[in-house]
Each structure stands twice: as C-alpha cells, then as structure tokens.
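In what follows, structures are represented as structure tokens.
You will see two complexes here that share chain A, one where it goes with chain B and one where it goes with chain C.
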Partner chain A sequence: MTATVSPQVADALRTLGPFDPEVCMSCGTCTATCPLGIDVLPRRVLRDAALGLEDHLLAEAEAIFSCLLCRACESACPAGVHISEDIRLLRRYLLRKEAR
Partner chain B sequence: MTAPQPRRRRIGVYVCHCGGNISDYVDVGRVVEAVREEDDVVVAREAMFTCSEATQREIVEDIAAEELDGLVVASCSPKLHQTTFREVARRGGLNPYLYSQVNIREQCSWTHTDDRAGATEKAIRLVRAGIAKTRLSAPLEPLNVTTTRRALVVGGGVAGMRSAVALADVGIEVVLVEREDHLGGAVAGLGEMFPNQVRGDELAARLIAEIEQREAITVRTRSVLREKRGTYGNYEVAVETAGKVSRVAVGQIIVATGFVSYTPELGEYGYGMPGVVTLEEFDRLLAKSSGPLRAGGREVSSVAYLYCVGSRNEENPACSRYCCSAAVHASILAARRQPSLRQFHLHRDLRTYGRNELAFRESRRLGSLYLRFGDDDAPRISAEGEQVRVIVRDQLAAGEELALSVDLLVLVTGMRPRSNDELVNTLKLPVGRDGFFNEIHPKLRPVETIVDGVSICGACQGPKTAAEAVTSGLAAAAHAAAVLKRGVAELDPEVAIVRAEACSGCGECVSACPFAAIALLDGASPRARVDASACKGCGACVPVCPEDAIDLQGYRDVQLRAMITAMAGEVAP
Partner chain C sequence: MRLSTVDVVGILADNLERRGSVLPIPARAATGWARGLALPRGGPRVLYTGAMYQLIPYIERVVRLEQRIADTPLARLSGLARRVNRVVNAIGLVARPSAAERRDYDAVPANVARLLQRAGVEFGSLYEDDLYAGALAYDLGADEVVAAHARRVARIFERYGVREVITIDPHTTTMLRSIYPRLVPGYDVSVRTYLEVLAAAATGSPRAVENEVVIHDSCVFARAEGVLEAPRELLAAAGLRVLEPVHSRARTWCCGGPVESLDADKAAQVAAARVAQLREVGTACVTMCPLCLINLRKAAGDTLSVRDISEYLIGAAQPDASPERPPQPARSATVRLASSEMREGS
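Presenting the complex of A and B:
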C-alpha cells in the first residue's frame, strides 16, 4: 500500500504553533532516552507528521497522549528538535480532528 | 669478469625494530650479531625506531666517531625512508649515495608472519647484500639542469587561472591555453557556491581581471596543445590557435582541464520529461533568476532532489563527492528566496563532509525533508498531469512506500571526466580507472604526476568544489615554482652510463629505452650516449648491451654480483 505524502498536515500543525519535525535527523536518541518506553518511536511520530501520514498519526494517538512531556529526549536530542512542543501540537491537532 | 679488490671500508649497520613491526617476526638481535662479523662492518646496532630523531643523531655521531664511509639501515621500504637516511648521511658529512637501505619490514616481517626463523634468516641475507652493495658504493652528485623560467597552464577554469596568477606573482612567465573563446570554465556559470557563499560568476570574473592585470601571463584562447618535446625543465610545446601553430619553451606544465557534468540518458529517472532537470540546470536556474522559482513557464511550489544519479552504480561506481553538498546548498538558496517551497531530498547516503554538515542542518531547519532509499531500490518516476510523481521506499519510515507529487524533480548529477585523448597522448598523462587524471599520491604528492614536469590540478583529477580546485591550483603553482624559481633542477644521479671505449654502436640500448633517453652519436664509429636528464635509471638498457658497456650508477654490475654472492652465503642456524 503506497501512502501519499501530504505536506498540508504539517502546514495545519504550523498554524497552531512552531513545529519543527524536519530538523530531526532520525538518529533515535529520543527512543533510547524515553523513560516511559512508549510503543511508538518519537522520531517515527515526528516523521509521520512531517510526511503528513495522517492515518499513521491517528493510529499512534495513544502513544502521543501517553508521553510524559518530561523532555528527557529533548535535552538529549543532538539536532535540537523541540520534541515536547511538537508532541503538544500533535495532541491539539488530534483533539481538533476528533471534535470535528 | 672478476670484481676489483675493494679497499677496506668502514661501514655502519643499523637494524630497526620498527616498534614491533619488524621485531615481532624477525629476531633483530640475531640479525645484528650475524652481520657484526661481516668484513668492513665497524658498527652494528639495533634501534626501536631508526627514523626517530634520537637514533638519527646517534648515526650522525657514529659517522664522525667511527669515521664511517658507508651506511646501511635495515628497516622499511626505501619508498618510505630512503630520503630520510640519505639526509642523515649528508648531516654526518657522508655522500648520500654511500647509504643503502635494506627492506626487512615489507620483505621479511610483514610477509613471513608464520615463519619467524625463516624471516630472520632472510633478513640476515638481505642485510649482507646491502653491506656488499655499500662496500662497492661510490659518491655521486645530483645532476643539475638549468630550467626554462616559464610555465604552460592548460585550461582556463578557476584552477588553471588561479595557478597562472600565483605563478606570475612569483615572477614566472605563464602561457595559459584555453580551448574555448573565453576564460572562466564551469564555475563562470554558477551563482552562490558552498561552503564560502562566493558567487561562481564573480569568482571567475575576478580571476579574469587579475590575469588581465599581469603582463607575465599570455592568454591563448581557442587554442589547444598539439605537441611536447624536450627534457625535464626544458620543454618545447606547440600550441595551435585557429590553425596556426606556434612553439613556446616552458619549464613546467600544469594541466587543469576540468570536468563535464553527467547528462542522464533520456528517460533515466524521467530525464527529458517536463519538470525534470539536472543539478547543473537547477543551479543555472537559481543563478539566473530571483524571487519565487519558475520553471517551464510555471510556478514551482515543490521540489524533489534525487541523489546519486549517474554515480555509485554499475556503470560508474565512483561517488562524485561534491554533489550531496551542492544539492543541500541549492535547497537552502531555494528556501531562502521562497520560504513556502516544499523540498524533499531522496538520498542513499549523505556525504556532507566537514563544514557542509552545517548546511545539512540548516536545510532541515528551513524545512527540507530527507528520505533515504536503499541502494537497489531506486525511486520510480512518472508524469502526473503537469507534475512529477515519485514513488520511494523510505528506510527512515520503516521502509514504507510513499508517493509524492512535485513541480520539479532535480536529478543530482555528478562530475565526469572530460575525454581528451589528444592531450593524454601528447603529455602521456596517467588516466585512472575512473577516467580522471591520476596524481602520484592523493595526500603525499597531490598534484604531481608520474610524468616529470607535468602537474595536474582542479576537477580533471577528480570531483572537486571550486574552493578545492583553487587550492589544488595553488599547490600545482607552488610545485612548479619550486622547480622554476631556482633556475636549476637537481636530478637523481642514479642513471645509466656508457663506457664509450667498449660501445660498438649497435643501437640495442636505443630501442630498449622506454624514455627515449639514449641516442647514437654520429662520428667515425657511432657511440651510444645517455641523456641523463631523460634517463629514469630503470636499467632496461643494461642487460641488452652485447658488449656489457652500460652500467647503472648506484646499481653497477659489480655491486649486484657482490650482492648475489653475499645473499647466497651460509647462515648459521
């Protein structure tokens, strides 16, 4: 199944606040530092958002909402991605989706 | 023929451990003990690192204290340290050619790691041979040839131009030959370049202006090199301009003929389709326009870059090394003039070396998204209305197959060698397997070629950025200037010599010489004569002489016979 890349999702997220998943270089440090060990890799969530794979984001909603926003990943991120801010935006985006 | 009875010599022998490289597999102490008793050996020592300054000084002191008149170091390949130890001999007041190097590392310890006793015995035999050669060694003086203080630079791109300017600034005349009707080369067509944010067209224009200001530089556009004659430091070249050939005397030749951009086959990743361009074409588009991007009469709101087109494949396994950084940089320029532009980079590996890593980071900050595809899993390209549709399996999204539609697809193409058979034949340039010209060593001798007097620089020796091309142009200028400024070049005296009284003038040696260094002198009876500045000391002429009239300085027949005898002697178990 081929997924279609739609930058509109990232555009919509950016209307809610600063959103920087493209800065991620897919190193995986975030996954290694997550104290919660959430099911979905943070970098994968960011990548799905950047690529605009909305059905993936919906499937990853539980992981996105179980994040503690502790910023352990963010302080370790060598690329300087604002991971917890990005997760908060994703939560707002998903909540709005559900409300509609 | 019996060897003449040599007078007594005083020879110093030093056997090196090479910090274990040798002593792990060769019993260095045994070698020293075995050769200590050889005739004429007055000093025999071992050293952890003979090339260290401390041991070098010890040798210098030994030469004076023991009145040595011959020196042998048994260590690594002469390619590595022959010059070092010749210099040690010189420091000790000894003629450098009274020194012999014996290679017991590459030829003993590294090759016979399974046989310590055998490696040790072989080392003893080799050192004995070195002593035998040294016993018959004679002082030699380097050959001095006066050089023509003028250089020929072939190719008027940034590398060749910078080279010409540098040579002119140290007082050397330059003839700059360019095939096109104007100077500038590939860089003249470029806008802002990485990593120094210099514009290519401005850089080329600045160098052209610099050249115009220098009387020492003669520019010959629409010209090609047709012929080269002469010997080291004194060549005569024929340059053809619009059908007219003129001859110029030069002392050094610098080749800076550049590259060609790879042009994909029609249909290769959609090339030929509307909306599909090469990196070269995209660079030109960026250089020649401003404001929001337009291509083919339409606004461009999304761009995809497909990396490694024409590189790292079966037909051309080489990485063109500059194109990753060039594409990343192009995307930064595009994002700056059009922040809403969506950019996707489809890459295999990203080689943004050195400072270019910062550009990779900056491009991501500006919104570029990077997707990695596998080596055998190239993206598929098709037309979709006025757009280009790309299907790619992104390894960073767990190998998911993704479809994206973009207004412009940039095929990130690399540099290919420019084919120039005539120049290669005229100068005997060494061409590598990849088609670029070869330097002697990429790090140690980066602009010299195996052809004496001919240097290379710029992208004719492999893909380079403009900054790297200019740097290598300066290196080539420095190398040429080092030879020409002295006015005299020192050549290795280990060349063939003819005993005229024994020569019958048969001419066998003339046809055996691969360097055209031997000629028959006319006269009542013709005699062979070696041009020492053309002779490379290869020895090809020595065995073909039916009269045994030729000898190689430093490797005379008597020396080689003595070496064989010494090598064949008994070695105590």
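Presenting the complex of A and C:
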C-alpha cells in the first residue's frame, strides 16, 4: 500500500482558518470519547491532514461529515487541539475539492 | 445509497444564500408564534428565534423524505435536485407539516415571550426579518455563504436599531454571540439567552421541591457558550429537583441531531444511547434545544418524557393558565408545578 504525502494540503487548510492538527499527540482520548464511535474520528483524520494524505482524507469524507461537532473530544483533549474547528475546515476543504 | 454530501450541502447553502434559510419556510409559519403577543417591531432589544423551533416540523418532513429515497435510484438524482432547487423552492413543495405539528413547536417561542413579559423585560420582535442564523451551513463548511448571510442579519439589526438580542436555542446563540463577530466587521450586538436573562432577573426563594427532572445539557450551550447554571437555577426556582445523568454539564452527550441532515441512521443511534443514559436516572427529561428535543423524543418513544425547559417554566409561572403546549410525549411523567415567584418584583 502506498500513500502520497502532500505538504500543500495542510498549507491549503491553514489558508481557510486556524488549522492545528500538528498539536495532536495521538493519545486517543478523542476517539474514546466520541459518541459516534467511528475509529477514524478524529485522531486518524487529523494525522492524515497533518501529513497531507489527501487520498486518505477523500476516502474518509463520510466520517468527516458524520462528526457531530459536539466537542466532547475537544473538551477532553489534553493537548488542547481545536478539533471541531479542524473538522469544520476539513469539510470546507473537501467541499471545494469535490465541487471541482 | 446515501445522498451526495456535496449536493445536500449545496442545496442547504443555496437556500441560505437565495432564500435566507437552509430550509425556507413561509413567513407566516416562521412568525405565527408572535400572534396575539402585541410585541413591538424592532427596538434596542429583541427576542430572536432564528426560526429554529419553527423549523423542526419542516426538518422532520425533509429527513423522512431523505430516508425514503436514500436506497432508491432517486438518490442518484441529487445533483439534478440541486439544480432544480436553485430555481424552485423544493423544500416548500415537499415539506408541508400539518398546522397541529407547527402549532406544537410555535408554542416554545410564544412561551418564552410570555416568560420574558412576566419578568418585566421589554423587548420587540423582528417578525419576518427574524432569519435563521446559518448554524447548519456553517457547521458543514459553507463559510462564504454563511459570512454573506451574517452580514445580511447584521444589516437587519442595524436597520431596526437592535443593540441587544435575546436568543432561545443554543445554535442561534452561538452563531450570533461567538461566530458573527468573526464574520462581520464592526459587529457589536450583545447576545444573551432567555435562560440567562430570566436567571439574572429572578428574585425570591426557590419553590419547595415538588418533582424531579433529568437534565440534558445542550452540547453547544455547555461546551461552547457556558450556559450551565441558568437552566438549573430556573428549574430549581420552579420547584424541580434537577437530576444529573452520567454525562452531564461540560461532559454532556450529544443527541445526534447535528448529523441528521446527512445521516439519519447515525443520528438515531447516538440519540438512543443518550436516552438510555437519561433513563438510568429518571423518567422525565428536560431539554433546551429544538434538535435535542426532537431527536431524544423520537428515540425515547414512550419510554421517557422529553420536554423543552420553557414548558416547565411557563407551567410554574402561570399554573392556573393554559400555556401553549409543545408536543406531548406518548407517556408523560406526572409533573405538578407550583406557582413561581421568580419574576415578582423583578
């Protein structure tokens, strides 16, 4: 399995707003607290965004749009990642991408 | 097959841009709650509904339609639906809740207005200019459309001389209080929820406890807007013991509502989990958000009474009157509410 890393993805996301997935230390607290229990939310999605794995982000679009933005993860995050805003910016990015 | 996310978000954004709401409803349906209340038009302080409670019966009709066509070949036509919707208000054609359904949800803003009046708070209404605030489109990432809409709402405030807004639901509150200042240069409007206004105006001692309710905090109120104590204080003043579920206050559990427009099945799963948590604590639940109200009510069926907080408060404020009643659960817990003195002297 191969993955294409594109630093431009995170840069493009930062032009849309205060995008901070690099603050994530991948502890998994967010995934454990998610009411939806989707394993890619939000930790793996944030990692994919930080690494610029655009193919992964496109494949995970359904999970990204399923997020409730309820902030349960954000209030528990020990690193203080602005998770809900990061997810919202990812949606904005994906909508622009898919609308092309 | 689910409907295309791009098309669904596109339809919602198109509606907000062209018709002032993600789900455009007739002006008479959005303003019906104010009939008979003699509220002045505009003024420095207004009650702003954002049409949220009024939208619920329409949202329900649209969600049911989405569910019906999701597994049919029609789901492939969502792109065509978006193009048609740009010309014709498709929502107006397919979503036609009954007068009884609408009346049930109109009761919430009407009761809130009466509560404020009884508390001696002076306020007006913007009637047909009381627009949806754009929360769903913002959450889905349609920022450009929402920014333009926010500027439109800010111009309405300016035109009516509005300096202070009293909101009802959490989604309108967070848009007007926390998001609009980022989207509209020079936006300077004070925003408080009616719960905060009433709690600040309350005087006198709490009534003796006559019953108990399980509180379901709204995620947005609890984690984004810090509205935690006001509803508890008001319920206590109304003679209700407030029971806390396992996930409460800033650790509250989502009702599933935010994902309903894209995936109703996931929304139902989350709501069912929350209802199970609430039922562990009591048989009557109080909500403070229209999305929580409808989603928990659907998941609860006849296993849990789910009511909006305004219904409890108006019942306590005018025990001998016949308040406007929100929809009743199939099996209501018996709730006796004593007269409240919380507004007297305020």
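Quick note on the criterion: the second predicted complex is superposed on the first by the 98 of 100 C-alpha atoms of A that agree within 3 Å, B and C clash if a C-alpha of one lies under 4 Å from a C-alpha of the other, contacts with A are read in each partner's own complex, and residues count from 1 in each chain.
Throughout what follows, a residue touches a chain if its C-beta (ideal position, glycine included) is under 8 Å from a C-beta of that chain, and two chains touch if they have at least 3 such contacts.
Given the structure is predicted, the values throughout are model-derived calculations rather than measurements.
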item: Fit or clash - chain C, chain B, common chain A; value: fit
item: Touched partner set for A:R91, first chain B, second chain C, both or neither; value: second
item: First (chain B), second (chain C), both or neither touched by A:R47; value: first
item: Which superposed partner A:L68 touches (first chain B, second chain C, both, neither); value: second
item: Partner, of chain C and chain B, that touches more residues belonging to chain A; value: C
item: Partner chain in contact with A:V23 - chain B first, chain C second, else both or neither; value: first
item: Shortest CA-CA distance in Å separating chain B from chain C in the superposed model; value: 22
item: On chain A, positions contacted by chain B and by chain C; value: none
item: For the chain C and chain A complex, residues of the former touching the latter; value: 2, 5-6, 9-10, 138-143, 219, 223-224, 250-254, 256, 258-259, 262-263, 266, 269-270, 273-274
item: Complex contact set, residues of chain B against chain A; value: 302, 342, 344, 361, 364-365, 367-370, 391, 394, 396-398, 400-404
item: Footprint of chain B on chain A - complex, ascending; value: 1-5, 7, 20, 22-26, 44, 47-48, 50-51, 53, 79
item: Footprint of chain C on chain A - complex, ascending; value: 16, 35-36, 61-62, 65-72, 74-75, 88-95, 98-99
